[in-house]
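Structures follow.
Below, chain A partners chain B and then partners chain C, in two separate complexes.
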Partner chain A sequence: MPKLLIDVIDDVGNCLLFVREVMFTALTSPCSFASICEQIWTVTLQSLPTTALAGFFVGAIMTVQFTLQITTFGALGYLGGLSTSGTVREVGPLLIAFLLSGKVGAFTSAELGTMQVTEQIDAIRCLGANPIQEIILPRYLGIIISSFFLLAVGLVMSIFGGMLLGLVFSGINPEEYVRHIPTIVNKFSVANGMFKCLVFAFLLASICTYKGYSARGGAKGVGRAVVSTAVLTMVGIVVFDWLTSLITDTAMNVVLGNS
Partner chain B sequence: MIDFKNIRKSFGEREVLKGITFSVPEGQILFILGTSGTGKSVLLKTIVGLLKPSSGEVFINDREISCLSEREMFPVRRMCGMVFQQPALFDSLSIFENVAFGLRKHQPELDHAQLSARVKECLALVNLSGIEDKLPQAISYGMQKRVSLARTVAVSPRILLFDEPTTGLDPVTTNSINHLILELSRKLKTTSLVVSHDMQCALDIADHILVLDKGEIVAQGPPQTLKQSTHPLVQDFLREALNAETAH
Partner chain C sequence: MTATLSDFFVYSTRTFKALFQPPFRSKDTFQQLEFVTWQSLPVIVFCVSFAAMVTIMESSFHMKLMVQNDSLVPGFASLLILRELGVVVSSLLLTSRVGAGLAAEVGSMQVTEQVDALRMLGIDPIRFLVIPRLIACTVGGVILSLIANLVCLYCAMLISELKLGYSSGSFLTGMRAFVSYKDLVFAMIKGGCFGTVIPIVSCFFGLRCESGAEGVGKATTNSVVVASVAIIVMDFVLTYIFSHFY
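And then the complex of A and B:
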């Protein structure tokens, strides 16, 4: 078997063992509520401006794209619903995940990697504390919980952006824009978006904390950890996007088929 | 009492420790000397389970600890205090929080006043006072090393481990750290293991010296005995110590 393949399998296996340890720690010796809140605050603050800005423009882009398509069918009234549905189901969670990957993922990986190579993590262990409980778990949960806040902000901003562009570009007034949103964006769309958001956040938190925690070899090792975090999360998000789309579509067909 | 029995450690193909056996009686200061890459730090890290030996056993007070899992090691580590080669201070926490970190874990019953008093006491032990509110990056490297020492002794360990505690320090700070090691070890009645390159310091304060070369013990004994050693590496160290003393 080629060495590269063995290394990949080894890395995936170690990452899964690491996640299992994080889960076990979360259940048996959870971290303090204050430390989780601190991480939520940090992650949210780090990504809020970019998420809001990106959300606004995603809504705007969706509106422009859908306008070109649905004008042909004379269904411009559904512009807000279609645009928002696309954002809630797909683009929103994907966008949040990419933004978090670039900002929070890289930051967390670098921070933990630096702690590892400067022996701070060993110092925690030597002081009789569990580093998973002290530094990994708060960051892990912080990333997952904040991604939902950021998703909400991103979605609100995308509706706002879409509404504004709808008014300017297509001449649809805001009332008309939001009127069909509840018709097209149903509870399945929201559940679908939240499920994707959860999966992506879980994936990102796992990769960036694992890569940072397992960094070795000084500054170069930290650099390697950050790069592999960026690459793996991007690839992982795309792969899991396909997988979650498959799962949610199948689940929706089953539920709708039975009802 | 710490016992090492036939400790071997390999990293891939490279065998770093090749069957190390020795004991450290309670209350003694043991210096482990050797050139870089001879496995001194690896040996020290096997005591606190930061590294597991490939084979062999480590005993602390007749309890084998080399076979313990990460979770089982937590109580063992509470007996030990380790000062790392780098200060390894938590850079997002103030000096106060750094020193209080272990105390919060070991003695959660302490209220803020007691905690504060203990932190100040430990900082005073290393001749640092009034820097509690500063961040690690706001003080010098030598001071960071001393804070690291204060953080370690705050939890009253019975075993103190020093991994090249004076690396990268000027001669004056090196001297003060070396005297702190002696003072703390005597005052707190701890068993101390010091990994170092500094033969002069070892001759001054160690009860027992062990010299490692290429993963093997090449000489050991009390300072006076070691001075008689004919091993070339020991001779090199002694010559270097003599030169340093002459230079001063």
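And then the complex of A and C:
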């Protein structure tokens, strides 16, 4: 047990050092704009169908559950606002981060791990280039930026899915569904969701590039890196979900000045 | 795409047929059950307890927005936890842990031709590899959804006592008013269904893995993505079906 604890602390420390190195590289010798755009294009296009599908069904699930709960209060008119608010503030960023960790995180760490194991990264270093600048940084920034695009698509699809199920399941017509969205979802909710998305994307990019870059020991090592990326990002996302909720809660209380 | 789908249907019918044919490999099944349930338990308990705290805080926010006080928070939060949160979060975690592990394991067996060796010995790889994992994951999904729900409710009780100032008695009273025994049974059914999907999908991608390290990585990624999307879609279908029984 103490050894496990030390291993965990070691891993976290190494990861933070790696992030520091990436940040340092980003500030001193940034990579070309074109390579970042290429990564954004790849990541976004890769996960667009999955995100859209998942977002649609998440909106549908939220609508069904909220309908069951609020019909007892006779507040069915608020259905659209409530389920959209829940999706924008909390469920949307969380689910998109989960899907990204499965899709992009696992893919990136497998790719980087294979590069590391087959000594392609050493070859880049031999050619006098900085592998962090050439390979890691575009992926890192690409994941962070494209997660916002994916969040937007997922949220729009979730509103659409919620609207459809509101029509089919709970008998709310689309105008009624949309009418209460602006009254309940304010700009703080959107800012909260975007802040969460930024934090999750940062976490995901750090873990998957670190795990891939530090993979050792052949094909088995790559497999280990992929599985540990998937597990670690999930755990990290849930923990940081709580942390960001706490931070935004406190910040909102300070800004609005109530209790 | 269509070829993959038809392959998948053939493979899953063969799996379900093999499910009822002896010999049953009970020793391997129990080993897999230990891997799925016992070894995933710490991660799932940890994550679910954090998810419970977030649920309490978010539902308190929405309650204050809607009806100006948060007296209904215990009921709503326990309803959300029992119906959706506990089982979905634990199955998504199970996908990334067990599903990715299974796809990597079966995929590397396929790449190193161990699956072909099994076939040459006259052993059906589906019956030998997939069935024990399928049974173990289904049973493990039911057990884990039960444990995850209990831990989640307990943490929600704790945090509502510490942060919102409800005593545990009033939390339980509020909970009893909103949820019933049925909800726990439905959650366990959901857990079993999600637990069935994970090994079927990951062994499917593992068995048709292309050669090389890249193939194993691709199989792992695909299995995690397809299983998570399948879980969300199935969750919607099951929620829709169960909504007629509440």
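Just so we're on the same page, the second predicted complex is superposed on the first by the 256 of 259 C-alpha atoms of A that agree within 3 Å, B and C clash if a C-alpha of one lies under 4 Å from a C-alpha of the other, contacts with A are read in each partner's own complex, and residues count from 1 in each chain.
What we mean here is this: contacts are C-beta pairs under 8 Å (C-beta built on N, C-alpha and C of every residue); 3 or more make two chains touch, one makes a residue touch a chain.
Here the structure is a predicted model, which means the values were calculated and not measured.
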Quiz item: So, A:A129: does it touch chain B (first), chain C (second), both, or neither?
Solution: first
Quiz item: Comparing chain C with chain B, which touches more residues belonging to chain A?
Solution: C
Quiz prompt | Contacts of A:G223 with chain B and chain C, given as first, second, both or neither | solution = second
Practice problem: Look at A:C15 in the shared chain and tell me whether it touches chain B only, chain C only, both, or neither; answer first, second, both or neither. | Solution: neither
Quiz item: Can A:V156 be said to touch chain B (first), chain C (second), both, or neither?
Solution: neither
Exercise. Determine, under the contact definition given at the top, whether A:F98 touches first (chain B), second (chain C), both, or neither.
Key: second
Quiz prompt | Partner chain(s) touched by A:D249 [first = chain B, second = chain C, both, neither] | solution = second
Quiz item: Can you list the residues of chain A that meet both chain B and chain C?
Solution: 118
Self-check item: chain B - residues contacting chain A, complex
Solution: 45, 48-50, 71, 73-75, 77-78, 80-82, 84-86, 88-91, 101-102, 105-106, 148, 151, 155
Practice problem: Using the touch rule from the top, collect the residues of chain A that touch chain B in their complex. | Solution: 115, 118-120, 122-130
Quiz item: Where on chain C is chain A touching in the complex?
Solution: 43, 46-47, 50-51, 53-54, 57-58, 61-62, 65-66, 76, 79-80, 83-84, 89, 92-93, 95-97, 100-101, 104, 108, 111, 213-214, 216-218, 220-221, 224-225, 228-229, 232-233, 235-236, 239-240, 243, 246
Self-check item: Complex contacts: residues of chain A adjacent to chain C
Solution: 50, 53-54, 57-58, 60-61, 64-65, 67-69, 75, 78, 82, 85-86, 89-90, 95, 98-99, 101-103, 106-107, 110-111, 113-114, 117-118, 169, 184, 218-220, 222-223, 226-227, 230-231, 233-235, 238-239, 241-242, 245-246, 249
